[in-house]
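Both complexes below contain chain A, partnered by chain B and then by chain C.
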Partner chain A sequence: MELSKIVDPTLLTISAEHVAALRPYLAMFGGALIGIVFACFSLTNRKWLMAGLSIITCLVTGYYSVINMGMAKQVLFSGMMVSDGYSHFFNVLFAFIAALTIFSSFRYLDRENLHYPEYYILLLFSALGMMLLTSALDLIVLFIALEIMSLSVYVLVGFRRADRRSNEASMKYFILGAAASAILLYGSALLYGATGSLNIADIMKMATNTDHGIPMIYTIGSWLVAVGFLFKVASVPFHTWMPDVYEGAPTPITGFMTTGVKAASFATFIRILMSTGFGSEAAGLAGTQVETILWVIAVLTMFIGNVIALTQTQLKRMLAYSSIAHTGYLIVGLLAAPHTDLGYAPVVLYLVTYSIMNLGAFAILTILSGKSDTRLNLSDLSGLSQKHPWIAFALAVFFFSMAGIPPTAGFAAKYYLLYSAVQAKFIWLVVLAVLCSAISVYYYLRVLVQMYMRDPVGSENEGMTPAWSAFVVAMTVALTLQVGLLPSKMVDLSKRVVETLKQ
Partner chain B sequence: MAINPIAFFVFGGAALAFSMMVVLKKNPVASAFSLVMVFFCFAGIYASMNAHLIAILQILVYAGAIMVLFIFVIMLLNADEPTFDLRRTSNVVKAGAVAFGLAFVVMLAIVFKKSNIIPLNAGFSSEEVIKLGGNSKVLSQLMFSKYILPFELTSVLLLAAIVGAVAMAKRKTGKSS
Partner chain C sequence: MDWFDTHFLTCLTFAPLLIALIGAILPRKVIKYWSFFGTLAIFALSLRLLGIYDPSGPEFQLSESAEWIQGLGIQYLVGIDGISLWLILLTTFLMPIVVLSSFSAVEEREKEYYTLLVALQTGMIGAFVALDTFLFYTFWEAMLIPMYFLIGIWGGKDRIYAATKFFLYTMVGSLLMLVAIFYLASQHQVQFGHYSTSILDLYKVVLPGNGYFSAQGILFLAFALAFAIKVPLFPVHTWLPDAHVQAPTAGSVILAGVLLKMGGYGFIRFAFPLFPQAVAQYQWVFMLLGTIAIVYGAWVAMVQPDIKKLVAYSSVSHMGYVVIGLFAMNEIGATGAVYQMLNHGIATPALFLMIGMIYERRHTRDIKEFGGITKVMPLFAVFFMIATLASVALPGTNGFVGEFLILLGSWKTDPVMTIFAATGVIFGAVYMLWMFQRVMFGPIKKSENEKLTDLTFREALVLAPLMIAIFGMGVLPNIFLTKMQPSVAKFLERSTPKTVVGLNVEKR
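Right, the complex of A and B next:
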């Protein structure tokens, strides 16, 4: 009986380098575990203890990820996951997003009487899921990581249990998300059936090396996997859940979802497209029409997102539709990437700047909102520049950035993205993207007009802006302007990061 | 390894019949028990394909754990009143749903027929697995060596789910308002 044929003894050991590569994940998981222990021993009466623990966890994770970014690529657990510059770059981003979300939710939880330790623990678990998602090389690991991320977010969306909208949002997100997960899983099963492997690289090898074309199962499977991801990033045929969920979720969590979940899904999408050789001439995927489908989806997503955003007066809903529109721009970047020498760097840059400005915008909405997330209509902002000049200024910076007006990060990122699309000769797509972008300027500027050119309503002074949130806003404004004025550093970094993906 | 056609038609036919009952029964508990029977039929099909471990797992996990949970939920929620009445939906919707379902099944049938599959890991035919010591042995060895990461991550997922369930269930809803 030849059992050693299956079990390779080296698979059962783990070397020191592997442990070093795994440090960010271990730190994040360890932080969540310590949080659970704290919660068990009711040490959480002191609120700052949980918040401090989570922030330290994020800092340690970020620190280890920065160290690991320079390390050589390592394939871990017999090809299940990979530690390279790309994955650690995104680990830093997720740790950053989680930390800022915790900062901006501290006062929010106080005000809503929601200071429970589970909030922080779930946030850390969700960040861990995102980190694992971007480093997965195997469809099983990918699915489980996606579920770790999503399950925690489902609960966080419904965290304001006394609020009907929050419950509805959570339920909607959960049911539709579960359906999307099922579709993704079925697609993975079909891909496994077509190729006999769950490893992303192996699947591609199989699909390109077959002599008699791509089996139809493979085509259907790749479509279903794509649908699963397009749902997570809310591109147009699968976007209907998003405005309701964004409106119902606690405001800091909306910021976390719109940045973290989207960045994780896109980063994974890039890795899959890259290792499946999407767009290159030899690609088996050419026969699956994924490019045509993405083209249509990109146009629809940009157009519908921007047009519906015009009609919204509730700020969270408006940002939800604008976030759909941004998904469209990102898909344009995905389409262009294989045909230029810039590769996926513009998409990565766009994801980072998008995360920064959205986190800032939602931190401000958290400050401005009244109890139970009321007072977030457009009219509530009128005359904000007189009541809170600095907050109005910061919000103006973020909205300029989202509209893509210089000298903000949004302009640099959008310019770089569309430049790569021009290089790839997607002229029509660029024309449409610019048109949609022009539409978006209207609804962003409408907020500015309301803030700067109308008289203030309501005389009551809301009091001091909490220091924790002010820190988030200051930091994101600084980063937005910094990347906008001197983009070359970020551009270089994103290029180097994408470079590590290729090896 | 080819499946015995008699076993296939008996179990497959029964599975189809019980699936119909899941949908058509008015009483939710009866529907749930029909679903248990469907799972048993699947287990029969797996067993006749020499996948004994999956057959047992099917019974333990689906028929045992998941269905008990279903029935608990049905009984706790006291779901006697149907919230969805088929008669009230328009015929166009009904016809559309049936047509869509049939089209999907036909499409899958065509796809599976047309695709000629060459598995990458040719070592895992059922004859080979029996030679290596049977299903459960091979599976457990793989699970604790090659697939150790997904195995451990599943426990992380369960932990996150438990924390989420506690967060949803524990709090007093009346406190904040």
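Right, the complex of A and C next:
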């Protein structure tokens, strides 16, 4: 047999348009590689160089992604990856998250004596993993991207090498994460066995075309894949790893995880649901009562996340449980999406606003965390409004936003999300969601009580807020209020972005 | 001037926020003066409404609209009618008084205090002018934030408990209302094909209304819960005594003067016209609850040892009249209810202010600690007497007009309830006058009371406008009623159940 019959020659060439579509990924990858080269030499002022390089990398990635957002949809590498408005929108988000994480990490690493170049390199690689994850159309690519993202984050979680809690968190995350990856991989294998394809769209087509119903292997396989993702987004009952990991990880990395990892997993989940026709008549996953099960998962996630958060006195743990609760709201959005003409746009908007406010909140926790993250108990915030009025104000904005109180971005996003759910006739689910969010108000208020209504404790001067972190906080506060007051642009953008998924 | 007149409501709504923000960057020493003159200027500005509002027209006036979130049909839509006109004026009238009364009461963290207090006014005016449910909800909730801090930071001993309770109660009610708003808006989209959250559009949505748990019934309950909590109506009133007692004087005044009116206003603007059939069905329930609130509030007030708590429970009783007046569903009752809201917004703040003044002198509010105050503080006693009489609805004061109209109106609808409700007038006289007697008359039992000083000039200045309003509204009610009546008639017209034949509303 001739070689040209086995290998399609077009696979070996790459057109100019494809290169253009790949620019964001290449920029991120290139930045990370240059970082590795820099890391090999012991240069003076290496930390400035590394931080600068990483930020420039994120900016370039973001710049190319914004340009590519307007480009037509292109399927790359014979259907393994796709470049569309949706993937590039999330590329911008990941570049943004990575950049802000670097900004808020800079002084933190100084204070903890952790200024190693690996930190930046791992962060960039993890962002690259997220970018690839949301553009994957093939289960193998998806798995590789997931691993690029996760492996980098495992290491980052354990980055405070001398700290036992950090090591424990990293270990726990690694073992459980590896198990989840294995489940995902096993599910992929079963799907391949059932349909003979690894392409998401093809799998769905073949599953619905079979004359003798949907095979059992297919059902099991799709559930195993779903479990892999439910683990990553920490929905109940796959949430138990999260509080420990969040608590042990260096604070900026916790912020990176709650926003980046979660957004990437959800964005991919949406793509999978969309291409498998979730909720529609021809749904490949239909017949597995996926809707009912997700309904139960959504309620449990919201309820358990919020109720356990009530009892937390450690801020990072509290935010971890609140993050679980927010996962629940997002699942409500996923359920509603196929039944309304708003589609997945509310979920996308919610992911963006959640990322903004959470990055801001964790940037503040990073400022306040003290040596080895020991000053993050609720009582440590006592009287903060008198010591650092602006920081207290910013944190109040973020907590009001997470509680969904106008005029903040959190309210606009929650309104949009729950409105779509009512439109989809999930009225009881929405009633439960708002009652859960009423529970959440209590623990968010507890933080405000500490900051504003208690007297300051301790007289030690925490010193100036580092300008790097102040930048992040100012930017996220401005965005939280801007999206809260004038959400129109973001609403339109999220709609347009989701439109590109359909074509 | 043209631009100014067409955007008058927007200017009026956001002027306080601007003043608060400028105040935040001014030096600490001048902030209270800045806030006082700022709110006074806003009051002067708001008086212009009387000139440009056309009292003959029942429709919303001075409307402005702009696209806000196009994708969801959400508009920035504001406008007023004869009901919100007076509530806005009440708000702007009370603000300078509240600010002036805080001059001596608040000494720590002044900057935050005045910023929050003045910014709160934007939320209150905004809620009264909003004609879009999303906009209304935004103001309604945003109002909670400054109030929460006012109670929680500058309140009494159990301030954190009271502030949290206040916030959570309101939040739970409003969230269920939010779900109802979602449902209404999505029904509008189903029936009319485009998104909108403007109440003028939502009024047109047709929903099945037969039975207590029909679509209208359930949605009505969701709205009514939010507003009943704010009113506060028995049995969801329990946050009020805590919030009132713990709040600083200014907080109590705003709470009693304006925030409770939001509940009544919400019924008028939203719950009634949106769900007319449900209102007709639930009429007896709310008449009953309103009557219970009147009698129960009065009884509980009678046994309170703390003056402030007594006045707080009297609020429960007085706001019960508003509820039965509204649910009487006739013009006299509804007019009386609106008038009673204004009266309560004048008399109760006056009482709270005076309780605050005496608290500043004696640091107690226990009735037992007083007695014979008339002898040492004669001017104070006169003012206190006037406010007390207004509160017990003596003819000639404003309270009489409102309660009389309400009972007249509810008699037409439900004479039995009205008889019970009318006993509230008697009990009201009992607890108020008994309290007055114990505090003001008799010998001076405590030696600390002998040294009490009478009102200062500033304090008299705080109270004088309220005293004038009490008599003005009592003697010349027609000034107010004529501007109100066309709008009240329109409100009742909107709230009358429309019989629709062949209704086919999508069901799941």
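Here is the rule we go by: the second predicted complex is superposed on the first by the 497 of 503 C-alpha atoms of A that agree within 3 Å, B and C clash if a C-alpha of one lies under 4 Å from a C-alpha of the other, contacts with A are read in each partner's own complex, and residues count from 1 in each chain.
FYI, a contact is a pair of C-beta atoms (placed from the backbone, for glycine too) under 8 Å apart; a residue touches a chain by one contact, two chains touch by 3 or more.
Keep in mind the model is a prediction, meaning the values are calculated, not measured.
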Chain B versus chain C as contact partner of A:A474, first or second or both or neither: neither
First, second, both or neither for A:Y116, with chain B first and chain C second: first
Which superposed partner A:A20 touches (first chain B, second chain C, both, neither): neither
Which superposed partner A:F77 touches (first chain B, second chain C, both, neither): first
Contacts of A:I427 with chain B and chain C, given as first, second, both or neither: second
First, second, both or neither for A:M206, with chain B first and chain C second: first
Of chain B and chain C, the chain that contacts the larger number of chain A residues: B
Chain B versus chain C as contact partner of A:Y442, first or second or both or neither: second
Common ground on chain A, meaning residues reached by chain C in one complex and by chain B in the other: none
Chain A contact footprint on chain C (complex, rising order): 67-72, 109, 112, 134, 137-138, 141-142, 144-145, 148-149, 152-153, 159-160, 163-164, 167-168, 171-172, 175-176, 178-179, 182-183, 185-186, 189, 508
In the complex, chain A residues that touch chain B: 1-3, 5-8, 11-12, 29, 36, 76-78, 80-81, 112-114, 116, 118-119, 121-122, 125-126, 128-129, 132, 138, 140-141, 144-145, 147-148, 151-152, 154-155, 158-162, 193-197, 202, 206, 210, 212, 215-218, 220
Contact set on chain A toward chain C in their complex: 385-386, 400, 405-407, 411-412, 415-416, 418-419, 421-423, 425, 427, 430-431, 434-435, 437-438, 441-442, 445, 448-449, 452-453, 486-488, 491-492, 495
Partner chain A, residues of chain B touching it in the complex: 108, 110-112, 114-123, 131-133, 138, 141-142, 144-150, 153-154, 156-157, 159-161, 163-164, 166-168, 171, 173-177
